[in-house]
Amino acid sequence: MCTAATYYAKDHYFGRNLDLEFSYHEEITIVPRNYPFIFRKCEGINHHYAMIGTAFVVEGYPLFYDAVNDKGLGIAGLNFPGNAAYKEEVPNADNVAPFEFIPWILSRCADVDEAKTLISRMNPVNISFSPELPLTPLHWMIADKKRTIVVEPLKDGIRVYDDPVGVMTNNPTFDQQMFHLSNYMHLSNKPVTNTFAKGLEITEYSRGMGAMGMPGDLSSASRFVKAAFTCMNSVSGNSEEESVSQFFHILGSVEQQRGCVCLGEGKYEITVYSSCCNMDRGIYYYRTYENSQITAVDMHKEATDGEALIRYPMIKEQQIRYQN
Amino acid sequence: MCTAATYYAKDHYFGRNLDLEFSYHEEITIVPRNYPFIFRKCEGINHHYAMIGTAFVVEGYPLFYDAVNDKGLGIAGLNFPGNAAYKEEVPNADNVAPFEFIPWILSRCADVDEAKTLISRMNPVNISFSPELPLTPLHWMIADKKRTIVVEPLKDGIRVYDDPVGVMTNNPTFDQQMFHLSNYMHLSNKPVTNTFAKGLEITEYSRGMGAMGMPGDLSSASRFVKAAFTCMNSVSGNSEEESVSQFFHILGSVEQQRGCVCLGEGKYEITVYSSCCNMDRGIYYYRTYENSQITAVDMHKEATDGEALIRYPMIKEQQIRYQN
Amino acid sequence: MCTAATYYAKDHYFGRNLDLEFSYHEEITIVPRNYPFIFRKCEGINHHYAMIGTAFVVEGYPLFYDAVNDKGLGIAGLNFPGNAAYKEEVPNADNVAPFEFIPWILSRCADVDEAKTLISRMNPVNISFSPELPLTPLHWMIADKKRTIVVEPLKDGIRVYDDPVGVMTNNPTFDQQMFHLSNYMHLSNKPVTNTFAKGLEITEYSRGMGAMGMPGDLSSASRFVKAAFTCMNSVSGNSEEESVSQFFHILGSVEQQRGCVCLGEGKYEITVYSSCCNMDRGIYYYRTYENSQITAVDMHKEATDGEALIRYPMIKEQQIRYQN
Amino acid sequence: MCTAATYYAKDHYFGRNLDLEFSYHEEITIVPRNYPFIFRKCEGINHHYAMIGTAFVVEGYPLFYDAVNDKGLGIAGLNFPGNAAYKEEVPNADNVAPFEFIPWILSRCADVDEAKTLISRMNPVNISFSPELPLTPLHWMIADKKRTIVVEPLKDGIRVYDDPVGVMTNNPTFDQQMFHLSNYMHLSNKPVTNTFAKGLEITEYSRGMGAMGMPGDLSSASRFVKAAFTCMNSVSGNSEEESVSQFFHILGSVEQQRGCVCLGEGKYEITVYSSCCNMDRGIYYYRTYENSQITAVDMHKEATDGEALIRYPMIKEQQIRYQN
């Protein structure tokens, strides 16, 4: 499944792991300010914020997995099976299809507050992009440079939560994920102290024992705890390189290795790609399962005033540098 | 602390994470066949197998962390505090200092069997390299293309264990690590089945739940379980790139992120470097905490018949590739 | 805190642990059919079902902790801090105070369906019994001979859940407790199978390893899992003695030993008493922390047509039987 | 399998759970001082310390499960499958059969030190009591009023360990059990503190969360941790009744409920009996799975100078006290 994260060092970073057993033809996609965005049940928008992210582009339309706009607002859509509920079209509401959610928000909103306002008027309508690309159950993490929220389209309506840990995975619902953290509040990045019993001499035999009890499997609940711990305790230098490096280490802590999640019929879920976008500077970094080098696309090196999508296929082949 | 691993795809791979809060000046070091190896209490050797690995070279002597020779035998030395016991010099034995162990074996042994024979005559003598580089408590994982063993210098003498999982971390002793695996034998990379109680309907809410109970903290005992699971369930393509990629994903599953293991005084243990050596072809791949690109040094591109060490400083700066 | 359970052997059993750091003057209390029940905001009832249970009797009023009526309907009230929400008085609803809930239901309802109907009209009103006995945050487990439900007065209103495990503890809310069971669905009372990895020989070193991962601390979430497992896997003979014995063993699996939950200032939470009522026969069995013998009061040995409470103080002193 | 424990309040207590899927005809058995003890390969003893305990008496010989002598020395024998190793007869050693171990020590030793001396001369000889009662793999916990030791007959010889926790279960070996406690050293009977991350507000939702991570399954390794925690944190009044009560609560924390450990073919391991002997006063208390009342036999109410065994069959039927 997937993990999204934010990390605030000197600059602000937003990204995610995409965990799947297959991959479409993902591309780093820049939507310039004058690309005419069409929406199925809402009015289109011809002039808007520029955005950069990973998308599967179909018939000229960017189906974004995650993206950040030039105001520094970022959104990632993650799988939410069994919980996501989309509705019939409703009058007097913005009927936004799940695949339209990211451009709908990023084209108009400069920050989380504006996004919340837009979401309050929204009806997540049960329209798929095409028969070949049916509805996917999704929820979204949205962050600006100050805060992070989680948006979940549930049967009872859309719920919006503040996300104080800056992390989102998949099931269960976000309030339960947060509650579940209570069961791990005794974990620590410090050396462990013996509180088992008075008068008993037992000693630490390894560094890192302060976090004993941390879950290490790859389920969405366990990844949430592990990613939250790693993210909230992260320490890095302030340079762009060090911050980006630390961000990929955070995502690496919950990466899915091929073989560990077997889906039957020789299929394995893996971390197809990991992304990290500098929200301040519009630089989108990524790695793929087979290419551990960081590759980058800089939105501001492009003419963001254009009308046509700018697309860079992901470089998925291992880039080994030989020193001799 | 550290993790060592082996992975057998089409070729055979051997490597490790070095986890520390600091780093010396590590270099990829090739010892050619005619480099004159001196040993403190044993006779030196002037003509021997060539080897490649990561070493801290002091006064022209390679202090190896891990290395592989041109016969495909690999050794990694890992921290073993509180358990490693070195002895006074003993007559009629090979008195080998801990820092000499890797060259002592790799210079003469073509496989694990030969290594075991040499070790049976060995006394791990309590001699440090220099006053500035005191004795480090160590144990060793040794692998050839067929099998892996663990060698532990204990108070009662040297113990040699077969290592069926191809993984080693730090404390406790290897037999205890293996025993401890029993507590996780119910973990699986398959979807989970409900065996809690008859007649109770509870359903899987996420992929990956078959491994619930997997430890995820960074202690040596927990890393052993997690690395063993990832390593033994690993699946990859057979190409060199895919195999090497998978190896780094195995090591990545137990990587130490900066901030997660706090040692006080602003010090944090991190995975300083990860290495992966193709034992068949003598190519040494590595990554560092700040440089996620794979860098490689190929032993056979050098004149391995020489007498002088061939040294490549690790490239530790992030190598970002810009697509635009 | 507390644990409630049901167990269906030949007869049907209902009971609970009361876990507290102190105890009032609990008494086994029988309310005969013509005891005039007064309710603060609802009309009283003079003729009703008889009931038996543990109560703290104040000013002639039975403040029940748990009770069963002569139709075989049982209710236990358990602590629900931070979640229970009581409301202002509301017109056109049955305004029932928390301390009135058990008699309100048991006096009129013969089974769970009738209880649900009554609850649907109810407003849990924020009235305490007296200034000395302030409002306690509560939720309730209700069972008849066929099924069990949980009733939770939340901020958003009363929620009623089917309880397929027949167990209730305290926080979190019942739906979360049930969801949390998913994290333990791989536990089993059978011997464990090695699914860790192919080709790895690890063996079971003890009976009972199929349930490794079972939580054993005394928090409400952990007691829920442990009690659910024990209850749902319970096996016993059909005699009254064997069934009652098994019931106390179920409750014993989540008992609180003095010293294990320290509240500061020399206070410790313990299982003050455990109860088990045969719902078919109206016999109320109990044990206390210091008296492990089972003591019983039989409702039908009394004149249940009377008007006055019939009260038996709990026998709390250890009853040791000497064989010589 | 089984759990043994010691508890030091005003007096000193020693006892155990016997966990099995069947039971022999256990009896509380007193061996008076002049009962002629015969040993297969060692000289018999006609005058010795008196002892009381649970035994299966066959052909007039007490096969003790656990016993305490009139000097206050206690021994319990527990199952140790796969680890216990008995040897061929050896000259110049005390060749003691496993079934003779308890009487061999208790007949002659007044305290743990004397027991250790005797054990140092002992060879655990592979002689069974009879063809119908074959060798059982055993290890022993021995305690006096000051200290506890564990004695394990291993392949490499007998090992004697100090036991600072006063608890023993079954596999693995005692040194591993003690080491394994390190993985739980962060557990506490105090309320939990949030150390997960700075700036994260998560709150305790239940009492008892300080011990989250405590294992709750019934394997020998998990019972060791749970019993050690309960035992070492136990608090009780000083009266005989309160101390004995607390001791049974300690054993109750690792009791085996019928149904939780399924052995196949309709067989379930249960706690057949729990015992608690006051080592100072020679009173032997017990409970059985079906009889939760404490029953007692007082050694000093008997003529302990006799020659014949004094035997009290266990009262196994539930003793319910009716208050009406």
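As written, the chains take the letters A, B, C and D, and residue 1 is the first residue of each chain.
Here is the rule we go by: contacts are C-beta pairs under 8 Å (C-beta built on N, C-alpha and C of every residue); 3 or more make two chains touch, one makes a residue touch a chain.
Fair warning: this is a prediction, and the values are worked out from it, not measured in the lab.
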*Among the other chains, which touch chain A and chain D together?*
B, C
*So which has more C-beta pairs touching, A-C or A-B?*
A-B
*Farthest from chain B by Cα centre, which chain is it? Let me know.*
C
*chain C against chain B, contact positions shared by both copies (same if over half, else different)*: same
*Which integer distance in Å separates the CA centroid of chain A from that of chain B?*
33
*asked:* Centroid from C-alpha atoms only, then distance chain B to chain C, rounded to Å. What do you get?
replied: 55
*From the C-alpha centre of chain A to that of chain C, how far is it in Å?*
44
*Where does chain C touch two or more other chains at once, residue-wise?*
172, 179, 183, 187, 190, 205, 209-210, 212-213, 221, 229, 233
*Would you mind writing out the residues of chain D in touch with chain C in their complex?*
1, 28, 82, 170-172, 187, 189-191, 205-222, 225-226, 229-230, 233-236, 241-242, 244-246, 248-250, 252-253, 255-264, 268-269, 285, 287, 289-290, 292-298, 301-302, 312, 315, 317-324
*Taking the complex as given, what residues does chain B use to touch chain C?*
164-165, 178-179, 181-188, 190, 192-205, 209-210, 212-213, 228-229, 232-233
*asked:* Using the touch definition from the top, list the residues of chain B that touch chain D in their complex.
replied: 172, 176, 179-180, 183, 221
